Every structure is written in structure tokens, then in C-alpha cells.
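Shown below is the structure under consideration.
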Amino acid sequence: MGLVLGELAKCVGGQLQGDPECPITAVATLQAAGDGEISFLANPRYRKYLSGTRAAAVILSIEHASECPTATITVSNPYAAYARIAALLYPAAALRQEVHANAQIGNNCRIDATAWIGPHCIIEDDVTIAAGVQLQGGCFVGNGSRIGHATTLGPQVTVCHSVDIGARTAVHPGVVIGSDGFGLANDEGHWLKVPQLGRVCIGDDVEIGANTTIDRGALGDTIIEDGVKIDNQVHVAHNVRIGRHTVVAGCTGISGSAVIGRHCRIGGGVGILGHLEIVDHVTVTAMSLVTKSISEPGMYSSGMPAQEHAVWIRNVGSFRGIGELVRKLRRPGKRAGKAE
Amino acid sequence: MGLVLGELAKCVGGQLQGDPECPITAVATLQAAGDGEISFLANPRYRKYLSGTRAAAVILSIEHASECPTATITVSNPYAAYARIAALLYPAAALRQEVHANAQIGNNCRIDATAWIGPHCIIEDDVTIAAGVQLQGGCFVGNGSRIGHATTLGPQVTVCHSVDIGARTAVHPGVVIGSDGFGLANDEGHWLKVPQLGRVCIGDDVEIGANTTIDRGALGDTIIEDGVKIDNQVHVAHNVRIGRHTVVAGCTGISGSAVIGRHCRIGGGVGILGHLEIVDHVTVTAMSLVTKSISEPGMYSSGMPAQEHAVWIRNVGSFRGIGELVRKLRRPGKRAGKAE
Amino acid sequence: MGLVLGELAKCVGGQLQGDPECPITAVATLQAAGDGEISFLANPRYRKYLSGTRAAAVILSIEHASECPTATITVSNPYAAYARIAALLYPAAALRQEVHANAQIGNNCRIDATAWIGPHCIIEDDVTIAAGVQLQGGCFVGNGSRIGHATTLGPQVTVCHSVDIGARTAVHPGVVIGSDGFGLANDEGHWLKVPQLGRVCIGDDVEIGANTTIDRGALGDTIIEDGVKIDNQVHVAHNVRIGRHTVVAGCTGISGSAVIGRHCRIGGGVGILGHLEIVDHVTVTAMSLVTKSISEPGMYSSGMPAQEHAVWIRNVGSFRGIGELVRKLRRPGKRAGKAE
């Protein structure tokens, strides 16, 4: 699919410096782009490639425009403009409309005629599938679940019973939504299963990465609000609530009944304990452990950066006695050296 | 399904204060419960909602009974009593009994007539499926595996060959049991695959959370004993053994040949190194790293709680030189300040 | 399958002490082995079992041969020799050759007559499947992907569109290759999806563990070079490159555009931030967080070993003020004790 530079600039509200009739057929990195290809500069790390680029045009902010040897589209947010232009140049695959012959459809389902239910899908009873929904193949949708308009389920996605998914949401392969939460009552040393009776409610414009799992509520529901973006291999436990436009990076685990605010940025490999609350606009950096509620916006961390192993081992050794050492240092009238 | 309060109290051995004929049809939280609904108080965090509850009855311990404005069932373990009552009020879905027409069944399988093999399941050869087993759809069971009485496999579960699963075990969607362990021999810089020849043996009354993986033994077997409960996205490597009634929370990784005792509680995001042993009744808190055997019952930790980022960065900076600092502090006759 | 000791010794280039005609039918541990079974000693931890073994023969290095009460095959690398001998004694299951009747095959695919496409597989359009490929069942292969000679896909594997997989690669159950990367542009508080236009290219002799996910490139490709071995539940983000013969243990997360060298050993539960580079021959130990490029070969760590909880809590408490404490200690002319 090809468009001309003038159209692209216009559709992102950018200022074009160059030939508006120049045809653009593809996007590429500053290093790789050539004739007919548009690139962008958003991460300052890549600025060094700007002056040598052979791209037909570059999307960037006004401050870097003078360094660019080729046509430019200047905008205030080059990465967002790039995202929009890339979506224009690479439209999503055409929607399919059919219930594949070997999909299994239960009783009393309402499946819109414009939806695609791919091969080997299993749809149980009382399921509602809205217009334009795409189930790519091998998906399972349990009793009474509802999938909203233009939502896509990648291959091998499992949606258990009584799950509600909004519109334009993308669920990537291998995701499980609505599995039982980890609810156990200790009964004289044995663990008794606590029935998991709630649902999962997922909003509009959500994205859920490959092999992520979202458990159903125990009592009450697990809630993912509109515009939340979740990466791969994330674990969302029962009764968690994630507020609008929050992003959660890969391998993070969120324990039961944690409430995460809006516009938060949760890094990769983070652990969030249960029954706590994080306010809006909180950033948690990679591999941190959130052990209690966070009531002020800002950035929080406890990820420990790797060091050369020999140094690390010595530091850990000192750390293991640090409580004791500090106690001694703080005892007035005693010198640290002598306190040993 | 409805029951009366007297029956519920009786079946959990509790003391009823209130009308034994009061009909109960549902469970709900203290805040949400109304007519015909029973609630419970187990976590002290929710005690504040007790005096205002509109539940028809509340399950709680004797010490809180006087604060409750409505009927009470007093028991020594309210959470376990709640679990039992919820199971009575919300019985599991009726068992299905059939081999679905488009399930694939191999040669020489013994499938009990009361089992349910859902659509798109693949059963290889020499498989044994006991009475009441439920395979919900899209499951794979490899050659020579055996699935015990009343065990349930959620959608898209993979059980590889020669795996043995006991009775009344629940395997949630996307779980993989019996995949090859990560056995590699370094051969002049290249990695040679070490054949993984053992099995996986899973006991009775086990629960395995969504997208968890349990590798088969290299030599000898990987063993999950009776009553073990494993959460979502846990990685259990080859030749691990987990003792009875131990629980393992989400995102935890257990390395090869680790032996974990009975009645342990392993938190979320924990790492356990290989070839070590943890005795019975050990608790490991979230995101800790177990690097050597634990020979005494008790609680062990190394998860670092998140702080405000600026403070954390300063602390990490100090930590990176702490080995050196402590060495200086401990040198007698030298002051820390001057030692710089 | 049975072989004689002489053949086994010869095929690993080992020195046999014992009867070359002794038949060997199985492998077993030093403790469990008996008549007709061969064992090995590689990990010094198991040396204590050597003198009491009843194995027919033991593979070991020359230095331990004198302690062995039975026949020996001495080699310089006993574990690699064991791996080769085990592969001889336990040959892989016979290859199947067929497109199963209920697999779905798209248009314009080239599927070699010696490949096996198991039941309930979905092959989209323009897919190439080479000789000897085994798709065990319930796999999805998207438009335009290519799977090389003798590669195996376990059950429920998802290969999205435009993915290239080399020869003799093993992809274990539940793996997802080619899912969209986590590319998002913030647009006034909302997150805009950045189209993920690259591919995934996987080399020869690679192994990918159960439920691991490998995202496609955003621009340019995600690349896994020859001989790389990845364990279970690993998250490989878009545009990552992993060099030849590197191993990555379970539960590790690798962020976007990270470049990992050759012959590296990445431990379990490790986090690697994005847009950084790790040179060849680097080892990162379990649960470490790599926050910046590593330019020197060697071992790096930040995993904190678990301690008894009460001690840990005291240490963490001290740590939380360590930045402040060190600042005071370093102020010349002030004693730490008094500085409080």
C-alpha cells in the first residue's frame, strides 16, 4: 500500500518540509531506510544515525529537523506520529467473516455474522460474540462469556466462563482469562479450595500479551479498565483491579485484591503484594517488590543492578550483617572498628 | 441452589445464633451482602465492615460475634467454614460423560464411560482415563499417561507421555506437564541435549494454576505429592519433589532436583536453586532467592521492598561499595571517615 | 534397545575398563543402577554414591576411575559422553509422516511428504514445512512461516505469521513465537499501538522450553542464533538478539532490543533491560537484574540470597537508611555514632 508524503503529514498534523507528492510505501529504521521509506527519530539513542540516513523522509521533533539530510515531518510527538503512519502503511489483515466448519458452537450463542470463528475453536453455551470479532483458531470461550466489537483473540486463547471482554481489545496467543484464583483455606494442615465465584471484566482498547493469565474474582470481579496494556507472561490474580491506561511489562506478578491506579507504569518482573492500593501515576521500575500501598505519585524501585560477581559476593556478605553493624555504629561512645 | 441457615451451621460444625430456617442462596462480601446472602470475616482487614453489614448471616470466630448486627455462625476457622459453605451453595457444574465426536483417540486406551473428553482433544496411545475425569477441550494427553478419578483438565492443557496424575486433581488452562527438562551437556562450547527419560508423578487433590509448567525427570521422576497447590505461571524443573500440602504462589521458579518439604509455603516470584533441600514447614516470602538448603522450619526472605526511587538509587549506590566500607570499618584503629 | 559396552565406549571415544561384550540396555543413577545399566559421575555432589554402585558400568573421568567397583568408561567430559550414550540407548520416537485428516491446511503451502502434521493443527497460507518436521498436535502456523528440516513442535505451539525456524530445532508445548511486541506510544495519556512489522528468525539446533514466548520485531527482526537453548517460561521481547550457543534458564525476561552475545549463560529469573548489549562469554547468575551493557566477559550477579526472616527484616531496615548512613560516615571529623 502506498501513500504520498503530503497525506501522511496531514494525517498526523505535522509540518512537511519536502515534496508532498513523494510516494511512501514502507517504514524502516534510520539506518536501513531507503527510497520510498519513511523513518522516525524518537529515542535520542538513535540520533547518531540521523545525519547519514537515506530515508525518503523522517518524522521527528522540530529541534532535530535541521540535522536531517532529507524530507522531514515535524511533530511534537514523533513516536505517536510514527505509530499512526505505520498503521496507515500497514493496514491490519482483512477481517474474515465465517464460523469455520470445524469450530464447535454451543447452544444459545449469539454470534454476529461479521465475526470470524477460526478452525478448532470451541464456543460453549450462551456466548455472545459481537461484530468484527476475530478468533484466529484453537480458542476456547466458556459458558456465558461475551466478547465485544472488533476484539481479536490470537490462537490458543482460553476465555473461561462468565468473562466479559470489551471492544477493540487484542488478546495474544496462549492467554488465559478467567481461570480460578488461588483461593485456599488452611484446614488443619490441608488446603481447602475456596470456590472462585467472581468474573473477569476487561474494558475497551486493552492489550494482553502472549501467555499472560488473568484469574477470575473470588467474590466480586477482577477488573481491567479501558486502555490498559499488559505485556507477555504477566500473572494477574483474583480481584485485582488495574486502572485506565496503565501499562504492565512482562513477567510481572500482581497478587490478589491489589488495586492499581490509572496511568501507572509497572516495569517488568515486578512483584506486587495483595490487598494494597497504588494511586494513579505511579511508576514501578523493573524487578521491584511492592510490599505496601503507595499513596503518592512518583517512581518507586527496589531492583538491584548486577555487579561483577566477586564484588557482589563481598557486598552480600557485608549486607548479611548490616543490621548488626548499624546497631553497633549507632551505639554512642563506641567506635565501629572496636565494636567488633 | 438454596439451603437454610441451620443446615449450613450444622455442616461446618458451627454454633448458630439466629433463625435456623432462614433461607440462604448466595455468598457475598460483608459490604455487598443482603437478604438471603451469607458472608464471613476471616481477614482482620475487613473487620471494619462487620458492624454495618446487611448480610443475612456472617461466619466468624466467637471473639467477633458480639460486633455482628445479624445472625452468626461461630466457628474456630471461619475461612475454612466459608469455603465449605460456598461449595455447598455453588456446586460444581454437572459432569459430562462422552467422548466428543471430534476428539482424537489413539490405540489401546482405556477411557472410563463416565469421563468427558471434550472437543478437539488429542489422546495418544495406551492412555488410561479414570471415572469422572473431565477434559474440557483442546487437551493433549501423550502416550502411556494416566489420569486419575475425578481429575479435571481445563482447556488447552498438555500432558506429555508417561505422566501419572492422581485423583481429584485440578489442572487449569494452558498447563504443560511432562515437557523435557533443561538438560544440557557442554561439549566444547556447544550444548548437547541430555535425553530426559523420567516421568512426572502428580498425587491426589493437587491443583495446578494456569500456564504453569512441570518438566519430566531426567533420570528418575519429578514428583508432586498429594494436596500440593501450585498457582499460575510457576516453573517446576526436572526431578523436583514437592512434599504434601505445600503451596507455591505464582511466577515462582524451582530449579532441577530441588526437594521441597511438606506443609511449606513458597511465596510468589521466588527462585529456588537446584540440588538443594528445604525441610517441612518452611515459609519463603515473595521474590526471595533460596541459594542453599534450609534445614530448620521457619520463615526465610530476601525480597527487597520498593522505596521512593531517589532514595533507592542512593541506597544502591552505597550498597555497591558496602563490602569495601565494612572492611575499612572493621580495621581496628581506623576511623571510618578517615579511612576514605 | 541394547548395545554392548565396547560399542558405547567406542562411540564416545572413551577408554573401557571391563568386558566389551557386556550388554547395556538402560541408564540409571549411581544409586539406582543395576545389571545391564550404565551410570555416570559428572557432578561431584554424587561422588559419594560411586563406591557403592551396582551399575554394570560407569562413565567418569580418569581421576575417579580407581574408586569405581565396576566397569568404567573414562572420558574427559563424562556428562557429554553420558548424553551421547543415553541418546543411543533411547532413540527418539519413530517419525510419523502424514497430514492428519483433521488438520487444516491453507492455500499455497509446501509441506514435505515426510513431515507429520498432527491432529487439530492449523496451517495458514504460504507456509513451508520441510522434511521430517513433526507437529505433534493442536499447533498453529501462521501465514508465510517456514519450519526447517527435522524440527519438532510440541502440542499447542503457536507460530505466528512470517516466522522462520531453522533445522533440528525443538519447540516445546505451549510456546508462542512471533506474537506482537509491546510497542506503545504515549499520546496524551493514552497508549497508541505501534505496529509490529518485523519477524522472528530462529536458527538451527535451538531448543525453546514450554510456554516461553518470543515476540516479533517492531522494525527489523528478533533473532535467535544457532544452538541457543532457552528454558521454560522465558520472555523474549521484540528485536532481541541472542548469540550462538547461549543458554537462558527459566522465568527470565529479556527486554526489547537487548543484544546478548555468544556462549553466554543467563540464569533463571534474570531480568535484562532493553537497548543494551552483553558481550560473548558472560554468565549472569539467578535473579540478577542487568541494567546496563556488559562489555567484559565474566560472571555478574545481583540475586540476594534468602536469610532467616527476622535477620532479613533488620538488614532491610538498615539498608533503607544506608545511603544516609554512608554519607555521614564519610563526612570527615564526625563519628558515625554521634552523627545520629
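Note that the chains are named A, B and C in the order they appear, and that numbering of residues resets to 1 at the start of each chain.
Heads up, the rule we're going with is that a residue touches a chain if its C-beta (ideal position, glycine included) is under 8 Å from a C-beta of that chain, and two chains touch if they have at least 3 such contacts.
Predicted, not measured: the structure shown is a model, and the values here were computed from it.
Copies subunit A and subunit C of the same sequence differ in orientation by 120 degrees, per CA superposition (steps of 5). For the self-contact between subunit A and subunit B, the two sides draw on mostly distinct residue numbers; the shared fraction is below half. Averaged C-alpha coordinates give centres for subunit A and subunit B that are 25 Å from one another.
Within subunit A, the positions touching two or more other chains are listed as 102, 120, 138, 156, 174, 211, 233, 251, 269, 304-305, 307, 319, 321-322, 325, 329, 335-336. Remark: subunit C residues 27-29, 32, 42-43, 45, 77, 79-80, 82-84, 86-87, 90, 100, 102, 118-120, 136-138, 154-156, 170, 172-174, 207, 209-211, 227, 229, 231-233, 245, 247, 249-251, 263, 268-269, 286-287, 303-309, 312-313, 316, 319-327, 329-336 touch subunit B in the complex. By the touch rule above, subunit C contacts subunit A in their complex via residues 102, 104, 120, 122, 138, 140, 142, 156, 158, 160, 174, 176, 179-180, 182-187, 189-195, 197, 211, 213, 215, 219-220, 233, 235, 237, 251, 253, 255, 269, 271, 273, 275, 283-285, 288-292, 294, 298-302, 304-305, 307, 311, 314-315, 317-319, 321-322, 325, 329, 335-338, 340.
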